[in-house]
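The next part holds the structures, each set out as structure tokens.
Across the two complexes that follow, chain A remains constant while its partner is chain B and subsequently chain C.
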Partner chain A sequence: MGDIDSIASSNLVTLARRKFDTLVIGAGGGGLRAALQLSQADANVAVVSKVFPTRSHTVAAQGGMNAALANVLPDNWHWHMYDTVKGSDYLGDQDAIEYMCRAASHLVVELEHAGVPFTRLEDGRIYQRAFGGQSQNFGGEQAVRTCAAADRTGHAILHTLYQQNIRAKTHFFDEHFAVDLILDDDGYVLGALTLEIETGELLLIEAKTTLLATGGAGQLFRTNTNAHINTGDGLAMVLRAGLPIQDMEFFQFHPTGIAGKGMLITEGARGEGGYLINKDGERFMARYAPKAKDLASRDVVSRAIAVEVRDGRGCGANGDHVFLKLDHLGAETVHKRLPGICDMVTTFLGIDPAVEHIPVYPTAHYTMGGIPTDRDGRVVAPVNSGEEPVPGLYAVGECACVSVHGANRLGGNSLLDIVVFGRAAGNDINEFLTANRYHRPLNDASVEQALTRLARWDRTGDGESVSQLRDELQSTMETYCGVFRSDEVLKEGVDEVLALEKRLEGAVLQDHSKTFNTARIEALELENLMELAIATVCSALERRESRGAHSRIDFTERDDVHWLKHSLFFKEDRRLDYKPVRMKPLSVESFPPKERVY
Partner chain B sequence: MNQRDERLSFKTVSGIDASDQNRRNFARLSWQCRRGMLELDILLQGFLQREFANLDTEQIQALERLLEMPDQLLLEYLMGRTIPIDKEVVDIVQHIRSAVNHPS
Partner chain C sequence: MHFRIYRFNPETDREPYMQEYTIDDLDPSLMLRDALLHIKAQDETLSFRHSCGEGVCGSDGMNINGRNGLACVTSLSSLSEPIEIRPMPGLPVVRDLVVDMSQFFHHYRAVKPYLIVHDPVPEVEFRQTPEERDKLDGLYECILCGCCTTSCPSFWWNPDRFRGPAALLQAYRFLADSRDQATEQRLNELDGPYRLFRCHTIMSCVDVCPKGLNPTRAIHNIKKLMVKNSI
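Let's turn to the complex of A and B:
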């Protein structure tokens, strides 16, 4: 340890430093929307991104963005609000949900003016499509609310925001990895220590305000739909800064991902008449949902698949998946009605789904939990019996938990979330910058702490490999904290994850070169995932109810008396705390919890 | 069959640990293969891991040109829905598509 400390101290003297008004970590839609708001107001903004900005995960969002424009059918923001509250299984904060739904139409028009080529109706207005979970008139007929730019809405929004940021002279640090937040003794966030991946050089970015927009943590699970970059870096930085993260037990799973790979096979396949079978060829959904069978809701189908596999009725050499059967539909129907699925299955599995079955397993899709914020994007932490903003720290997008998604996110609300709260955070940061005109003095102790953590990976000798541990962590999370949750399984999960954390301490890098050392970045990402795995499994163990995406086989019902509250997980002592859901909207009546039936 | 034949005809050059320059090249390309979509990550990173040692200079340059493309277009190419104009990029796309199902 002595050696590592001295390395950290010598680095502190020679450390390169830059100063900005605002540091944005993450260049997806949330980070870029906030950066744009700030750069346009002449703030000096740095955006740090570990990959080239337009390769952020926002690019993968295909569905669209909800806004009650009422271009196709009657609609209004209040109906959208109702659907979002109900979709969240009443765990969403109703003030934030009202704010988001009211702002939605304005934000779509604003994006349009910035250059997003939304698809048009024949009369020239913005096209909208129907999506699950949307209703007219508070639970009535299907609503048509999702605005889309063909099937590449996220791509269009991300590229537009990037180009507008270039125009507004936002400063980009591409391929820089953020290591840790820097704080002073009064709890102000002063910026972050970053690492340039190409050169291996460290750069300390001092900022009056820091915004985390690092996306979700889908890589926690072996089977997931997320890009490999989604390792929850911002959430882990917050935990290490001594702050809590919220509602981590809520992770959205989609029932049919390609087994072992994770890519989504949409509900369309089952909608066309495809169904799931186990190793005995049994159409097992008939046992779990006699009426709806394979078209039961996502959580029911996901859980059924997990039970089949766990009870030894899984398919394949390892019995670790089930099959999606389409061959009975005939080649013409399969190829004509499901071309996207055919392309994907042919490319990744080398099989024709009209002839062979598709191996599937539930796939982790979206992190509902995250860094607790208020509706201005300010990160909040408990103080006495209430909560207060952490001065200088903001978070938006999937890494944040406002909470507008509560226990379950609706399709079309994630792109909306990032632009609404990206803009809101930008506005609040502007006000903060007006009131706080100077940088606070740097806190060397906090920088040294980050340097020491980094220097740990300079150790040589024998030790376990990072990639092996990451694989084991992902499998462990899938087995013990996936869709099949019970007290017994989760307790085992806690033990397993803590054992992995212990083993991570002994991991060693084989490659110690400075330039383009991607192995070091992957080690730092694994440390981040490990923090979040512990937070997730501990939060899930404590929540003794089933709500939204968190489904317990030993507590099958929602329990509003005891559990209508947000969880807060702290790294120190792995402590859990709780805070009330904000049931009071800004201007309308509250939506009280009701049974969630579709 | 054509894709398979073509892949087998590739000339083997030095392995990935032959020099530091090679290591750097591999690491730089592997970071370029980190994209915004899982589908691209799996296709590109898997390809690079398995095939980098067998790629010649022209093929590496074609791969670099391919990686400059935006994610949506890359997906179109790699799922076989759109054919690139650049002949050498067409070849590398075919190579990636054949390698995913027939790893050597």
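Let's turn to the complex of A and C:
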């Protein structure tokens, strides 16, 4: 290790540095919405992204963004709030959910003014479609709440936010990988060490505030709807900074990934009138959710598909999937409302979804857990019996856990989450910058941990490859931490993942060049995934109940007496702690837990 | 399957070369990106960009058997062997299949690719009829992969001055938007011999666009608007 330490020290002397008011890590919708708020307020903003901003995974969001505009059917934010609380299986924090649902309509209009090409109704207003888990009047008839730009809503929103940031002259550091946060001895976050991918050069970005908007960790699982880049980097950085991450046992499996391949088929396909059938042609969701049927919450639909397949009613030669049926909608509706899905299904399956059924199966999709924050986007950590903000650190979007999604996110609420809390964090950062006018001194020693982490990959010689370990980690998580879980299987899962962690220590890179070394980036990403795999299986093993996306076959019921609380996982000793759910909304009555039927 | 892949690492190579790879037992229904990941698992020194794997992020534009396309939506069965893969032409190569796209994005930013509205905005959404909104179809879906611009001979000749098909498609996306109020400014900024008028209707852009968009038509429509605005 002596040589690695000396490499780390020599890097420190020559380290390039830049200073900004605020650093945003991640250029998806959450990071860009926050950056826009800050740039428009004349703060000096640096956005660091490991890919060019429009490559961020927000671009792949399809169906839309929830807001009670009531453009199609009667609606209001309070009904939206009820649906979100119920969808979260009562694990969502009701103050944050009220805040989000109240803000939704205003923020959709703001995006429209910024240029998002929403699909239109005949009268020129924004088109809305039905989505899962939505109701009018607190559990009544289906609502129509999801604002859509065809089935490319994420693309439309991400490009618009990037374009507005160009206009606002935000500083972008494209293709820079954030290695680790820099903290001082008082626990203030002072910025991050980054690696410029093209040159392999390090850059220390000092900032009075740092916002993490690094997205989810869908690459934990072998079959997933996520992009290659979704490796939960921000969550792992937070763990390494000694802070906890919250509710990691709740991972959403989307009901309709293309079977065996994983590409997402939007819930909007069912919102437009499509439905699921088993091998007998039966519309089986009627048995699981008599009222909402195919538009029940995602956890409910995913479990139903898994049960159909398990009980021998699956389709195909191996009976390992069900069909999504759209042909009864007519080619015009399918091609006009779901053009992206048509392209994708044609490309990957060679069929026209307006004619043939799409084979689908639940697929790892969304990280409900994340970095604990309050509704201003401030990262919070336990202090004595309560919790306090970590000074200078913010998180928004899929990497954060406010928690507005609780144990199960509703479709259409993630695009909403990123703009609502991106904006809120931007506003709070502006206040922080007013109160904290100067950069705090940065002690060189605080950078050394990050430098050591990097230098470890300079080792040469024999060792296992990163890609081999990544494959095994993904298979392990799929096998031991999937849709249905049990004590026995999860215990094995913990052992398996810890064994992989041990093997990762011995992994070696064959490529040590500096120029655009994607192998090195993937090694750093795998380290991040490994931290999160451990957090996920350990949190899942402890939670002895079934709630939302976390289904235990050995504890099949929700247990509000013992488990109506958030998990907090710490890297040190793999310790778990818990904190209460905030049941008190801002201005309305609380929605107490009740049986959840759709 | 037999692959020939362009390799260049500026730290070790004096000039680029083609490297041969043979991969057995590849399912031909897989995409080219799957094959490249397969190759990378054996030789991690091969560098290329990729991310979403479904043709929406625009990361993995490359030249495949002489034609620009996205690796993740190009099926192996559609390609004849040896499958020859090179970086997109016309831009500096950083390493292997990775090109420096700075100039491409410079032109994108230069067309002011954002909605410009001078009037005070209403407290509700702007009204836009379905017919007005339909005019944005075929324009807003661009993923900035660069396949079109780097296959354009006019761009190869004047990469510093000709905006290129991708940027011009974006320019027209805002000219065509019923909400935008900067038509005259946008048209003025595209006037002159190079920025727009280097397009010679070669239509390589239309031929290669992985999203099926038509930048040539957008360029033609900008020219029509210029004529209309000048009389």
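Of note:
As a working rule, the second predicted complex is superposed on the first by the 493 of 598 C-alpha atoms of A that agree within 3 Å, B and C clash if a C-alpha of one lies under 4 Å from a C-alpha of the other, contacts with A are read in each partner's own complex, and residues count from 1 in each chain.
The criterion applied here is as follows: contacts are C-beta pairs under 8 Å (C-beta built on N, C-alpha and C of every residue); 3 or more make two chains touch, one makes a residue touch a chain.
The structure presented is a predicted model; accordingly, all values stated were derived computationally and were not measured.
Once the complexes are laid over each other on chain A, chain B and chain C cannot both fit and instead clash. Once chain A of one complex is fitted onto chain A of the other, the partner contacts of A:166 are limited to chain C, with no touch recorded for chain B. By the touch criterion stated above, A:224 is placed in contact with chain B alone, chain C being left untouched. When the shared chain is aligned, chain B and chain C each come close enough to touch A:517.
In the superposed model, A:263 makes contact with both chain B and chain C. With both structures placed on the common chain, the touch criterion links A:139 to neither chain B nor chain C. Contact comparison for chain A: of chain B and chain C, C touches the greater number of residues. In the superposed model, A:344 lies in contact with both chain B and chain C. In the superposed model, A:114 makes contact with chain C only, not with chain B. In the superposed three-chain arrangement, chain B is struck by just one stretch of chain C from 59-67, 113-121 or 185-193, namely 59-67. Across the two superposed structures, the residue set of chain A contacted by chain B and also by chain C is 51, 54-57, 59-60, 152, 155, 159, 198, 227-229, 263, 343-344, 347-348, 511, 513, 515-518. Here chain A touches chain B in the complex through residues 51, 54-60, 152, 155, 158-159, 175, 197-198, 224-229, 261-263, 343-344, 347-350, 511, 513, 515-518, going by the rule given at the top. Those residues of chain B lying in contact with chain A across their complex are 20, 23-24, 27-28, 30-31, 34-43, 45, 70-72, 78-81, 97, 100-102.
On chain A, the positions that touch chain C within their shared complex are 51-52, 54-57, 59-60, 108-109, 112-115, 117-126, 149, 152, 155-156, 159-160, 163-164, 166-167, 198, 227-229, 263-264, 340, 343-344, 347-348, 465-468, 509-511, 513-519. Only residues 9-12, 31, 40-41, 44-45, 47-59, 73, 75, 94-96, 98, 100-101, 105, 109, 112-115, 117, 121, 123-130, 132-133, 136, 140-141, 143-144, 174, 177, 179, 211-212 of chain C touch chain A when the two sit together in their complex.
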